[in-house]
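Two complexes follow with subunit A in common, the first pairing it with subunit B and the second with subunit C.
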Partner chain A sequence: MSGHGFLLANYVPGTSPLHRAPLWLKFLLVLGCGMASFLIVDWAAAAAALAVMCALFLISGAGLRRLVRAVRPVLPVLAMIGLFQWWQLGGPTAARIVLNVLVCIVAASILTATTPVQRLLDGVASLARPFRRFGADPERFALTIAIMLRSIPFIAGAYSDVRDSARARGLERNPRALILPVFITTVAFARQTGDALAARGLGEAETDTQSGPGAKTQPEAEKPTQPAGPGGHALP
Partner chain B sequence: MTKTDGTLAATPARQRSHWNATDLGLIAVFAALVAGSALIAAIPVGGMGVPITVQTLAVILTGLALGPGRAFAAVGLYVLLGLAGLPIFSGGRSGLGVLAGPSAGYIIGFVGAAAAVGWLTVVVLRRTAGRPGKLRAVLLFAAAMLSSIIFVHGLGILGMMVNAKLDFSKAFLADLVFYPGDVIKNALAVTVALALHKAFPDLLIRRVRTGAAVAPAAATHTADAKVDHRP
Partner chain C sequence: MSTIVLDRAAVRVAVDGRHAPKTLLAALTLRLTEQRIGVIGANGSGKSTLLRLLNGLVAPSSGTVTVDRWDTVRAVREVRRRVGFVFTDPLSQLVMPTGREDVELSLRRSVRNGRERSRQAEATLDRFGLLALADQSIYELSGGERQLLALAAVLAVDPEVLVLDEPSTLLDLRNRELLRRTLAGLSQQVILSTHDLELALDLDRVLVVDAGTVVFDGAPAAAVEHYRALCAAGLPASGAAGHRPAPENLQPVQLHPERP
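Here is the complex of A and B:
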């Protein structure tokens, strides 16, 4: 496993109105569906909301197969809950509970299907901005996100290496032999990353890397657009 | 209302600016570790080969290894990015839709559990400073169990009650299936954590001993105040 291919899993490129809608609007849609799921008491209303959300999803051009794929992981659990609540509380209530959860899930997958991951991460990084007056540092926050993304393939690789070497020694049933080396490698990797950052003067709290006042106007959220960024060069 | 939890989870992390580059690296890489643990296949355990998933183990171990502040930031970052849409929750799920599902409580609970076990770890390491032996292992195991029962299972049950509209006893029974695996995972996490602290004494132990960890512990004290009042 290498690269960041897994990050692109949900996004479907397109030019629909949903793709062009600002991120905060789509976020409000998801939030609204979350709130509505507590307020809707009629299963017919929930079904209508679900129909609207599915229609929106299809308008975005992501296609029916993507819609099914977004919902499929929760279906077994929802079926169990639905049957159980049908038995406990009756048909309409069970339908309302299941439909409300589906509304939220479809709404959330509209957001992830029509927004590139980088845009989402920029949105997350910009969350730190209002907290700057309390000592939050959007630069370091974005840097941490970038390092984390860059490290996921390394961790997955460490797991498969350790599993191979445990198998070679006939220890594939020994959980300690399967897990401990991964964590040792991880901590060593983290410290090397920290050293690499420190060597470049990045990530230190006191040293403000932006000397000029003009530098402040740069958008901080640019950082996550280079996931293999600053920490990437000196690492094994 | 749980929607804001994800955003709040990571923002206090940015307020403690005394973290240096190594701390930042540890936070980022442990967040990646929790994500990677959720994505890999389950590991067979024991003669029967019962598969266990490593994710909750990674969460508890983050707390045991890093202490409260950094563990809170690492797991908070993981949850925040998962909610933002990266497919890093178990089974490749992602996005805010997870908060509507029955497992929402567990995912939110990870953040509290990591912080709580980190705080208890600092307490245990300080109390058993002179004699790192069996007592330390047992106390750390108790800390891990306590944190995962209160936060992971507690919030997990709450999540099932809110999202699946189960009543308490039903949710409690549904949650009970996870206990045997949790005992195994927490025991495993403690042995791994002790080995980690032996290999990297400056990870947490030296910070605790020199009192360098006092400041982060105090900084998160308000967040952890729940922990010592509730049990």
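Here is the complex of A and C:
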């Protein structure tokens, strides 16, 4: 079943200092790591930053296994990036780029492992509140994050499923057999998610001018309905 | 009890520019007022399209669909507040990684206070016996538990009508029984499509859909009988030699009268 892939750790209940830290501080940590990935130019500094992030993750009590599970899905992609950069720009640059990406992933995992999703969504909605004056709906920002959190593991899982199917048919070397099915599955998944959100009334605008029980929306009187005519119901 | 009215509602889709639009559902006029209504029919017969009309997931190409006089196109928000929808595959509708988070997501619009939202989510999960599984990944739950969770997430916002698209198709016998009991205990009006004919027999009224048309509408036992005959008549002659009833032996179409 698609969706079993993991990227970013799920919330782990706990009372560690990271669990108790204010949300804005954890947001700042992730933001800082993202910015640092552009600023750090020394692979040793990137390695040190990764060590600090891993230590923080372990302090949170989420455990080494979850840390490995959070990082593992991106390792093949990172290996490809690393090899390419090594060939193009040399070993130290390749190591710096790969380590910086890992720093960002572990930092994001610290946030998701120590913050209940609903609190995360509340935080995103609060951050987005100033945009309300421009007509934006803060809840939609929160919903976007929720969908992102759901979609990343699904796509990782879809890739893993497709790779297994391709292997079973001896097509593991054919990029078309790997990429196209993942692409199609992802589009189908996006449509399903859209349907599911629509059915639950999630992601709809806060103000719906058409939904009031006015004359435009509600008929003045219920029309009498007739059973369907026999023509429409005849058996073949 | 809600009243759902389909007034000559039809669904057609354009396949390409050269061919005429394909009819998924022929013009249909129905008034759905019973507590438990079922829709049965072959794969691809139009059951899902019919159900999707009821909460605005599909808009009629012509005619109208109303739920308590709210038009499913013009007042889709009001309609979705009244009509909850449960999909065949719960994984396609559960958005969050755990059950607790998913139920809380359902409540985000209606309950602004975080603590109250958590309390209500917990109460909903408890009601469905899912509290112990609330913090487990949805991928670690069994098919039955996931389906119950999808049901709980939809019922958390207390819709008046619950529409379920083949809710038991992916379930084993035990989980099907569990779902059946759960549905029987709901106060909501329930409209579901199913291939589980035993489940259909529990309902108050059953529609049989074939090739985009409602070919039978009436009491469950008669509807199931009609559907069985219809299926037998559609089997290839070689595979069903000796069992295939002549078309003239099929029960005549019963158009449902205006129901109370």
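The rule is short, and it goes like this: the second predicted complex is superposed on the first by the 120 of 236 C-alpha atoms of A that agree within 3 Å, B and C clash if a C-alpha of one lies under 4 Å from a C-alpha of the other, contacts with A are read in each partner's own complex, and residues count from 1 in each chain.
The rule is simple: contacts are C-beta pairs under 8 Å (C-beta built on N, C-alpha and C of every residue); 3 or more make two chains touch, one makes a residue touch a chain.
What you are looking at is a predicted structure, and each value in this text was computed from that prediction instead of being measured.
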When the two structures are overlaid on chain A, which partner does A:Pro13 contact: first (subunit B), second (subunit C), both, or neither?
-> second
Touching A:Ala55, do we find subunit B (first), subunit C (second), both, or neither?
-> neither
Does the superposition put A:Val30 against subunit B (first), subunit C (second), both, or neither?
-> first
Please work out whether A:Val117 is in contact with subunit B alone, subunit C alone, both, or neither, and reply first, second, both or neither.
-> both
Classify the contacts of A:Leu202 with the two partner chains as first (subunit B alone), second (subunit C alone), both, or neither.
-> both
Report for A:Thr193: first if it touches subunit B alone, second if subunit C alone, otherwise both or neither.
-> both
Is subunit A touched at more residues by subunit B or by subunit C?
-> B
Check the residue A:Pro73 against both partner chains and state whether it touches subunit B (first), subunit C (second), both, or neither.
-> first
Residues on subunit A in contact with subunit B in one complex and with subunit C in the other?
-> 10, 117, 121, 147, 149-150, 192-193, 195, 197-198, 202, 204
Inside the complex, what are the residues of subunit C that reach subunit A?
-> 3, 5-7, 26-31, 55-57, 66, 69-71, 74-78, 80-81, 84-85, 87, 91-98, 101, 104-106, 108-109, 114, 117-118, 135, 137, 139, 153-154, 157, 210-211, 213-215, 217, 230, 247, 250, 253, 255-258
Touching residues (chain side subunit B, partner subunit A) in the complex | 3, 7, 10-11, 14-33, 35-37, 39-40, 43-47, 49, 52, 54, 57, 61, 65, 77-78, 80-81, 84-88, 91-103, 163-166, 170, 188, 191-192, 195-196, 199-200, 203
Which residues of subunit A touch subunit C in their complex?
-> 1, 3-4, 10-11, 13, 116-119, 121-122, 139, 142, 146-147, 149-150, 153, 192-193, 195-202, 204, 208, 210-211, 213, 216-219, 222-223, 225-228, 230, 232-236
Can you name the residues of subunit A that touch subunit B in the complex?
-> 6-7, 9-10, 30-31, 33-34, 37, 70, 73-74, 77, 81, 84-85, 89, 93, 97, 100-101, 103-109, 111-112, 115, 117, 120-121, 123-124, 127-128, 131, 134-138, 140-141, 143-145, 147-152, 154-156, 158-160, 172-173, 175-176, 178-180, 182-184, 186-187, 189-195, 197-198, 202-206, 231
